[in-house]
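Here it is, the structure, as structure tokens.
Order as written gives the chain letters A, B, C, D, E and F; numbering starts at 1 within each chain.
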Amino acid sequence: MIPDLGKYAEAVLGAYGLSLLLLAALLILTLRRGKKARAALRRIEEETARHGKG
Amino acid sequence: MALSLSDLAVARGGVPVLSGVSFTLDAGQALVIRGPNGSGKTTLLRTIAGLQPALSGSIEGADDTVAYAGHADGLKAMLSVAENLTFWAAVYGRRNIDAALAAYALAPLKDRLTGTLSAGQKRRAGLARLMVTGRPIWVLDEPTVSLDTHAVGLFADAVRAHLRAGGMALLATHIDLGLDADVLDVTPLLAQANTLHGASDEAFL
Amino acid sequence: MALSLSDLAVARGGVPVLSGVSFTLDAGQALVIRGPNGSGKTTLLRTIAGLQPALSGSIEGADDTVAYAGHADGLKAMLSVAENLTFWAAVYGRRNIDAALAAYALAPLKDRLTGTLSAGQKRRAGLARLMVTGRPIWVLDEPTVSLDTHAVGLFADAVRAHLRAGGMALLATHIDLGLDADVLDVTPLLAQANTLHGASDEAFL
Amino acid sequence: MSLWEYANPVKFLALSARVQPFAWAAAAIGIFVGLAWGFFATPDDFRQGSTVKIIYIHVPAAWIAINAWIMMLVASLVWLVRRHHVSALAAKAAAPVGLVMTVIGLLTGAIWGQPMWGTWWAWDPRLTSFLILFLFYLGYIALWEAVEDPDTAADLTSVLCLVGSVFALLSRYAVLFWSQGLHQGASLSLDKEENISNVFWLPLVVSIGGFTLLFLALVLYRTGTEIALRRTRALGVRLDRHT
Amino acid sequence: MIALLVRDLRLAFRAGGGFGLGLAFFLILVVLVPFSIGPQSALLASIAPGILWLGALLACLLSLDRLLALDFEDGTLDVLATAPLPLEAALAVKGLAHWITTGLPLVLAAPVLGVLLNLPAQGFGWLVVSLVLGTPALSMIGTFGAALTVGIKRGGLLMSLLVLPLYVPTLIFGAEAARRGAVGMAVETPLLLLAGISLGAIALLPFAAAAALRMTIR
Amino acid sequence: MIALLVRDLRLAFRAGGGFGLGLAFFLILVVLVPFSIGPQSALLASIAPGILWLGALLACLLSLDRLLALDFEDGTLDVLATAPLPLEAALAVKGLAHWITTGLPLVLAAPVLGVLLNLPAQGFGWLVVSLVLGTPALSMIGTFGAALTVGIKRGGLLMSLLVLPLYVPTLIFGAEAARRGAVGMAVETPLLLLAGISLGAIALLPFAAAAALRMTIR
């Protein structure tokens, strides 16, 4: 499956691996922070709505 | 010449604190601003002095007419009292500091380094700075902090003289200064965030 | 347990400012120190707190019993009020900060960064720090600066409760707190420099 | 309807919600196809061997790193001139993405340099200006973090972005003046022979497209996060007042 | 404006003021270099112009730290911002005062320290010229950095982070001119570019700095 | 004591705190070196260990600046001096917090920056070892210097002046070990001496620092 990379296998695989790792980390952190922020917003919006009625 | 605010709203740290502030101050008048801790007196005075933008409403007559004295004195610890005052006088294009020294009984401390003064002495020097600016509107935030009763008297005299000469004064304070002045209580003016326009977070509501 | 000073003389910046200070403070007592600006109140309190050496005379009962609150509050702007108080409690080997928060009505401000409080709110947090030390002798330099009347009341209540519990308090202030306390006027004690012994320049006289 | 309407957070969020699914999907496809094509289906270069495959990450990352800064510059100008909150927040949201892309560009370049030039790093003009860009990103993000008030932070970072861009440009010329390059320029790229050129070029273009779409999706999502945080703050204040 | 200049200079010369400390840092840094990279004189000579420029830059940077911070803490900036003097002018004057108290002494000390690092004889003149042309830019860029970070606790190091990349072009042209001078090559181009940066910085940065300062003190 | 450590670390990690800024300075300094002395890689490799040590030392030094100054300004030191905690312990803890937030990141970053300066491959290990052994001494000596200068306006630069000579022995042995390591020579002697300095500094300097602090705050 993996093509023959010859003597540079380490370099090429390393470059792909590291880059994809960094991209994944960026994605995960972005999504986690976004989820947290949106959840907090939802909580406070509900609370505001309750106060509006009461 | 008058200072007039109409329907001013101010914010601190992006949070609205006061709204609907309106008053007019004419030559020779003083206004004392009262309100509990955290009600926004400092914020209001800084806005009037032009140090921060208003949320909404307008301020008229404050351009280049205001001398502001906040919690910090604006004096250099490593300069003598006279050097500090002379410097500020020069910034405002003036020269004479004797009247200011006399008004606050600073003559004996004139050549002391400001950093070696006691808290009340330093405050006196900070108040004397107002007199060398030659500006008509004094905006003072808790001016009498650390002052003893004698010095409070000196300060009240200085304000009265300033008013007699056609000046104006705006003071935030928690204690009674014995001045003949109107009082603006900011407690009823506290901002209702949901009715405010122009707040920096308003766009997100 | 008592704090007693006998014939104490203190100096500031190498210059003697007060001499012949003597008093005894017993459990449950408070003493208000009065005197005009620059008379040496701050110097006296710092000496009692052990922050600077006395020129002559002696202080007894002040070792590890004094909680000092000076002009600065000892609070970190970048920590919340609760974090600041918890830290100081831990330094004094204690844990609970609820009583202190309650005494100064700080509960709603508990999680605010201290740097974003108004002058009076910050002062309240600084005074609350005294309560988490568990120390019997409070040494306070102008504690009510920036406080509104309500907060001054809270402070007076806290001092009264502290005294009732057998504590002591030493306060330098220019305004009347409505405490049931003796007053020490330092004006008559002002130093006669030529009668002083132990001043750092004495060797050259 | 003018473009500025989208400076309103609500309008922006609505638009962003419509665009995002496509952006994410297209980004995933573009990156997958570009990288897979490049990795599995392109021949080795006659000089560089299999290392040439690194180009499908290296160049898109470097391209995004540079263009993210340009986008931040535009957004900063919009904020300073028209004070639209969304544009300030978009600049804030883009910076960490740009930083990560810069790091990827640096890392892949370093890994590539080891076999090609026999060194991880050399003070070549292009590499050097890229490193300086990295520093600008760091400073920009640190300033956002350090300033308490959100509007002040937006103002200050915008000014920094403006002044920084001028100096980044100056540095580029300074660096060119200072050192001779090892790095391939656009003219002297590996495609000496026409027919190989296309073989490398097409997957590279797909990959660049994929990275660009990923950047777009990330920035839209992160701007949404920033808006949510600001809105939480604003509502919190309102609740405080009521109670 | 003259009052402000005089005040800043006087403060710098007072005990505990900043005068001479930037210089002292420069001196100590240059002295530490042989300890860290070893005493071989040929090696030292070849890096001398660069190290001297780097040292001057760091000395400038460190002394900038409190250029505005002290004025912020004691309320001076609040008053200056409401005073009749335009803030742009005030900041330009502060930058000038900084240059007089820091940049100028560095320029004068550099030849002496060049001796310590075995700088070739022909390099001294160009070193001084390049510093004279370059240090004003360092002072003005630093003033801008200080204005950006003034209200921030521990802003000093954040300022370094923001300012150092801005210093890069100045450093490159300055050190390049000094290095070329030391080996007898033509120095016109880098010197002209250096002068250009300085002029640009003096003309434009006070405005950016004043804008930033108005934002930070609000 | 743990409360103090936790507080200092938390402050450092807060927005605007000091964490990472020492590191950033180190990074930027190392980046500026080639700009000032030129891009030739052989020259850079020969000075790399020395420059890395010098950079680590300066980063430490700069971040020390406000180690005590901030606590002094807001009155924390007054309270700490009257608290039951011995001042010696408090200062040792502050030194430790400084090392964790500054020294440790420097140690971890040094190899990466070694790449930028073309440090020979065999030198990386010894560079890290020498920094691990040496940076604690830098933090403790710096704490002492900070205690000596804390009440003084613009104390930061004065502190540099006082501390830098004290740093000389640490620098000499540290840089020597790193340099020998880079060219494959024996490194035991300088490393042992370096460890000795660190141990001595940790054992004795908190007492000197506490004594100095009691004098400065009076």
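Here is the rule we use: a contact is a pair of C-beta atoms (placed from the backbone, for glycine too) under 8 Å apart; a residue touches a chain by one contact, two chains touch by 3 or more.
As the structure is a computational prediction, the values presented were derived from the model and not from experiment.
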item	value
Contacts common to chain A and chain D (chain labels)	none
Copies chain E and chain F touch via same or different residues, half shared test	same
Winner on C-beta contact pairs when B-D is weighed against B-E	B-E
Cα-centroid distance, chain D relative to chain F, in whole angstrom	34
Centre distance in Å when chain E and chain F are each reduced to the mean of their C-alpha atoms	24
Mean-CA-position distance for chain E and chain A (Å)	42
Residues of chain C whose C-beta touches two or more other chains	71, 77-78, 115-116
Residues of chain D whose C-beta touches two or more other chains	132, 135, 138, 142, 146-148, 178, 231, 235, 238
Shared-contact residues (touching 2 or more other chains) in chain E	16-17, 73, 152-153, 155, 158, 161, 164-165, 168, 172, 218
Chain F - residues contacting chain D, complex	15-16, 20-21, 24, 27-28, 31, 34-35, 38-39, 41, 44, 115-116, 118
Of chain A, residues touching chain D in the complex	3-9, 11-12, 14-16, 18-19, 22-23, 25-27, 30-31, 33-34, 37-38, 40-41, 44-45, 47-48, 51
Parts of chain B lying in touch with chain C, wherever the complex brings them together	13, 35-40, 42, 71, 116-121, 123-124, 142, 145-151, 174-175
Contact set on chain E toward chain F in their complex	16-18, 21-22, 24-25, 28-29, 32-33, 35-38, 43, 46-47, 49-51, 53-54, 57-58, 62-63, 65-66, 70, 73, 152-158, 160-161, 164-165, 167-168, 171-172, 175, 179
Residue ranges of chain D in contact with chain E within the complex	132, 135-136, 138-139, 142-143, 146-147, 152, 155-156, 159-160, 162-164, 167-168, 170-171, 173-175, 177-178
